[in-house]
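Presented sequentially are two complexes of chain A, the first with chain B as partner and the second with chain C.
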Partner chain A sequence: MASAHTALPRQSKINLRARSPWAQLFMRLVRNVPAFIGLLFVLAFFLVAIFANVLSPYSYDKQDLDNVEKPPSALHLAGTDTLGRDMLSRLIYGTRSSAFVVLLVTAVNLLLGVPLGAIAGYFGGAVDNFIMRVADILFAFPGLLFTFLIAATVRPAILDWARANGLGDLARTGYLDYAVVILALGLIGWAGLARFVRAQVLAVKEREYVVSARSTGVPTSKVILRHILPNALAPIIVMLSMGMGFIALSEGYLSFLGIGLQPPNPSWGNIMAENAGRYWRRYPEMLWLVFIPGLLFTIIVLAFSFLGDGLNEALNPEID
Partner chain B sequence: MATLLDVKDLRTEFHTQDGVVHAVNGVSFSVDEGETLGLVGESGCGKSVSMLSVMRLIPMPPGKIKTGQVMFQGRDLLKVDDEEIRSVRGNKIAMVFQDPMTSLNPVLTIGTQIAESLELHLGMTREQARKRSVELLKMVGIPEAEGRLDDYPHQFSGGMRQRVMIAMALSCSPQLLIADEPTTALDVTIQAQIIDIVKRLKRELGMAIIWITHDLGVIAGLADRINVMYAGFVIETAPVKEIFGNPLHPYTLGLLGSIPRLDEHRKAKLTPIEGLPPDLISMPTGCPFHDRCRYRTEKCSQENPALELGGVRHSVACWNWQDVQKARGASAA
Partner chain C sequence: MAEKSDNRWLIGVVVILVVALVGAVCVGAGALLFLSQQPTTAQTSPVPGGVSTPGSSAPKPGAPPAATRAPSSAARNVLRLPGEEPPTLDPALTGDASSAEYVVEIFSGLVMLDKNLKVAPDIAEGWKVSEDGKTYTFTLRKDARFHDGRPVTAQDFKYSIERTANPALASHTAETYLGDIVGVKEKLNRKAQAVDGVKVIDDYTVEIKIDAPKAYFLAKLTFPTAYIVDKNNVERGGRTWTDKPNGTGPYKLQEYVRGQRIILAKNDNFYLDPKPTVATVEYILAGGSAMTMYENGDMEVVPVGLSDIERVSDPASPLNKELYTGPRLSTGFVVFNTRKPPFDDPKVRQAFALAIDRQKLVDVVYRKMPSVATTILPPGMPGYKESDAKPAFDAAKAKQLLAESKYAGKLPEVTWTTTGGGGTTPQGIQAMAAMLKENLGVNVSIQQTDWATFIGQLNDPAKNPYQIFDIGWIADYADPENFLSILFRSGSTQNWAAYSNPEVDKILDQAGSEKDLTKRFALYQQVEQMILADNPVLPLTFEREYWLTKPYVKDMLYPPLIIPRLRYVSLAK
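Right after this comes the complex of A and B.
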């Protein structure tokens, strides 16, 4: 007993220094089961995208003419499509397309939405009015309609321009399709983020520490960048995470409708579109052709939104 | 002593949906070098707004500084450009705010926040600023100053945070420190510590102080002179002994009557001031205090009295201050 008693202080020598805020955040995040699962799927999504060339058994456009429209087998784990291309490889490269679009559209949204929202919120007045009315105009269009409009009208114009300027090769590679999709989604998506950042800035700029920073003569740009935005960061991160799932889905819509990424470049959306007709005629033998990309969409949208929810709770511990 | 800050006819208003709020209505006062001025009055009387106006920190819109002149070291702070006012803020005039729990940025370390103005105004490198920050934290009595530079505000108690705020404010050795109710959010023992620190630093550094408070007890041992404010006006200004010993404005008298005293007779009740301060959107004509005043005459509701001399360095804005003085003499006798 006595020895156990004397041993106590040594055992209870806990680290009194607080763990860094990021480590605490991570711990809170992974303890939340749905958020943790979401995080795993999101990580998998980006890892598959990065290592697509390593992971996929075939090239995404290689035809195996002995095995056309075959269900999953040892040779082709997810079966083959009408042209005898390996579905698994196409889906893996489709992941890469999706991740690429998600990241770049998010970057465009960030670069437009955060500065515009911060400026509108901080300065107010006419600047605020102008930026927010432009955002309102974008909001006035129902859902993805405006995106469709831009993608459908801008794409031919850009392709014509490329061909006219000796960039025909570039037009054929499909890189311009990516540019169009990113442009269409990026130009619309910033409005929501800007409105949101504006609201955050409005709330934070009245806080005493901001007045205090101004009272020490800190220049306006630094007040915004150093004192206001970092304090509005948590909800912005949550918003971005939630938004990524939506962007992945939007790219799917565009590609499904044929105004996004074009075959043979794989995208979950155009894979579904290519195979949808045959699926209806030869249900259920060709179930995998449409079902698997659809399932992937479901998983990734859910994963991003679980992650977003988890981040929201982890960043605002008082919510529970 | 030379005059450090000279404010003349400062008027600040806020344009809101309900109308124009007349927060500060032609305030004039001056502060000498090394002097401590107490600014006393109840909530909403324009104490903080007048000081924020001096620093040009009023949110505009909706705020607007309508008229006024704020002379500081030979220039009018209301007229200089943004660059110049920024070089004054934190450097020549520093501010400490009311609530230490909210006036430090939660996402930056204490060290970063103290270093900010050192790097900004004194052009120090990160290393130099860090060294100076340690000295400053030691100066305000924070133990293990070096180790605490990398701590975040939430790792400090309220009293410690207010010490940090004071260290930040004094980092560039300002000529004027504006303290906006710096002890109101703290408990009484911590209040006393903070006041002692400020007194000591004032002796060592010799800056002038404007101390905003609604607590006459806090200001009694600290200030050289007191301005009493009411509804956006300065209604009485006098050396601290005069305010407590010979108050001439009925409102000042009322304020003093509502403070509990240790030497009071046990059964004696505090005498509150009846009524509420006027609505700053639709100000009454005449003296703003007239409908709460025991000494009011007909003239009070018609004309607003200006400050007039009622003693040595003692001015009061009341038509009937002589009656107040007489009545007090009678009741004392």
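Right after this comes the complex of A and C.
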């Protein structure tokens, strides 16, 4: 990885004239080959998720018990699983589950982590102490255990509530119970971001322009939003982008353990879990059943990492 | 902002991923390699750990040697097998197979089922039945003792029955298995303090009166509900008395760590022959791959699952020689809760039943391990009538029935409840849900719950919240009454479908007291057809036993129903 970077043209040579900062950023990003590849995969990931219903050749739960465990062929590009369902369609819909979770958890992290971190950093004192101690507690709390707890206690109640209030269709699609579990993951995931934003705020809040804004009577909310956060935006973007790969992976292990999306709704994790039993026993005969979702995990985690890495360099050109 | 640490971070991710992938791919083979290096030192007694120099304190007797390797299982006389977490170990509350498995070894009753599934003497050495078939007089063995050495007397039996019938205990099996005894129903309904039908004649003689002559009464006494418990043990132990049960059975509960293991130790004072020979029987409750443990020599006995059946059935496989297959008096059902919409409409039940292609399910998903069920009674059950009818499957008719039902076009939400915690939904249930979607256009959501919660909800058919669910029933004794009356008579606590048909009830009662076997079985066959026509359940599979046994395990039994079996087993050195 390191050698790939040194082989690239140095960012300082890029012509930066007459372009908006965002365009400059984009140019710097796409000239970084791993980051560009990462970006392409990430875009493909979200596009496949959005157009899953258009792209998949079959329905994800259409079973054909006369054609089970067929290897990849022209008819089924990724083969069929133990119930004769088209693996490609399931993987495509699994992408949708994965993207759904990635966006949701990131949004929760962002909405909680940034304001809480900014408030803690800006006000300091008792407020800071309180927020950061809560963050410390969350840091110490094993995320998986917390998710199990939510799955066992809150989820059934929410599902019952949804069914009783005419949201049965939503409950049935599985996305609702998924959302509950993943929100749990998001609820504890904000701590890292809050700690980070707090550090950024602490670093800029004593700068002259902030002090002068405050001294001229600019309201606190405006000081934070207009003067402090924009300066912390770049690292936040980097951090979120890098975190997305891990969120995709978390979704994978939750579904693998059976507490994420419930079958027959597919997720890469539960596709792996469902087929694992057969796969081990007849290894290496049915590679496609587990290997393909595993490969997708690898690709998407790497893609998010490369993208995050590239963003980091693009946003901080002085680092060279 | 961290500078060059980004690369380190990336490398870290790559390393983690590579390790995870390689690890995942190798788990099967890796575990095999690692575990196969287990020691096989043959030592018959534990050696004290460490060197005891003169003057130093002697090693504690019984303490296992710390650093010595474990001798082989046969040498240690240990039988290890996978077990399931029992919802209870209290005989009075036992109503499911996973509890009964342990309870029949730790406790015992007046009578038991022997290897041939016939009612045989246990604590009672003999009995007499009166002319009218309503009074049973049992003579108890004088050498039967509790695990703590106290002799078992007729009072203990009376105490146990009255405890089970005590409404405060809320035993859901009491009425099912003891309801024939005069006075049990009265006590359960708080109309009597004592159970009048059980009379202590002297210390070793007890008389039981039942309300009508019943062909199956003795067989019912072989079920744990009628087992003997120790009053002191129950009263001093409080709510958790079953953690240290003082039973009478061939094995004692030595250790029970929830979610981990149940260890039974042999009862040297057991009163029947053959006496138990295997010193300890260890049930592993913690999931894991039992099959891998078996192959590595960490288990003596293991059931064969769907993933392994093809491999094990292959005559070229060395495991094939260790394979046992045999019948099991058990039927797997899809149950429609007749109290819950939409299954209160028989047409919906019939539509759902017709939309499931059982033959294909068994052939493809279950890999022909069980056979397709078309009747409630399994083959081998007295009264079973073989039917050459093909399992009914008719998608067109199913659709039509659904359209004729009162829920046509406005079918409520349907949730299928199945057992299992974590892990993924059983493939069979997914396959059936997909069949319902394809053949009926019904979206069925699947909900998983653990066995104890599941069985707890089923025990109260009037309040059971599940609409549609899958469950099996294994015979308690070889009599058709055990399936047809217990599962389908109105008001029975095991009537999962909350099914009620006065005509069926009438014939069931008639069959129960019919003495002529041919007539009796004809009645049961008639009633079985009546029940099937109403579709409270869809018989799905007739289960079979598939087990692997290590060659050094002798006389391990895999009976078609649950009987005390461990005392027959021995391990060759």
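In this section, the second predicted complex is superposed on the first by the 270 of 320 C-alpha atoms of A that agree within 3 Å, B and C clash if a C-alpha of one lies under 4 Å from a C-alpha of the other, contacts with A are read in each partner's own complex, and residues count from 1 in each chain.
Assume a residue touches a chain if its C-beta (ideal position, glycine included) is under 8 Å from a C-beta of that chain, and two chains touch if they have at least 3 such contacts.
Not measured: the values here are computed from a predicted model.
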Quiz item: If you count the residues of chain A that each partner touches, which comes out higher, chain B or chain C?
Solution: C
Quiz item: Should A:115 be classified as contacting the first partner (chain B), the second (chain C), both, or neither?
Solution: neither
Quiz item: Is A:257 contacted by the first partner chain B, the second partner chain C, both or neither?
Solution: second
Exercise. Using the touch definition from the top, say if A:71 reaches chain B (first), chain C (second), both or neither.
Key: neither
Quiz item: Is A:125 touching the first partner chain B, the second partner chain C, both, or neither of them?
Solution: first
Practice problem: Return first, second, both or neither, reflecting whether A:235 touches chain B, chain C, both chains, or no partner chain. | Solution: second
Exercise. Considering only the touch criterion stated at the top, classify A:216 as touching first (chain B), second (chain C), both, or neither.
Key: first
Quiz item: Across the two complexes, what residues of chain A are contacted by chain B and by chain C?
Solution: none
Quiz item: Of all residues in chain B, which touch chain A in the complex?
Solution: 52, 55, 57, 59, 61, 85-91, 94-95, 97-99, 102-108, 116-117, 120-121, 152, 155, 165, 168-169
Self-check item: Partner chain B, residues of chain A touching it in the complex
Solution: 18, 21, 124-125, 206-209, 211-219, 226-227, 230-231, 233
Exercise. Would you tell me which residues of chain A are touching chain C in their complex?
Key: 1-2, 5, 61-63, 65-66, 68, 82-84, 163, 168, 171-172, 174, 235, 242, 245, 257-259, 262-264, 270, 273-274, 277-278, 280-283, 290, 294, 297-298, 301-302, 305-306, 309, 312, 316, 319
Exercise. State the interface residues of chain C toward chain A in the complex, per the touch definition above.
Key: 1, 3, 6-7, 9-11, 13-14, 17, 21, 24-25, 27-29, 305-308, 310-311, 357, 360-361, 364-365, 413, 421-425, 427, 430-431, 433-435, 437-438, 443, 445-448
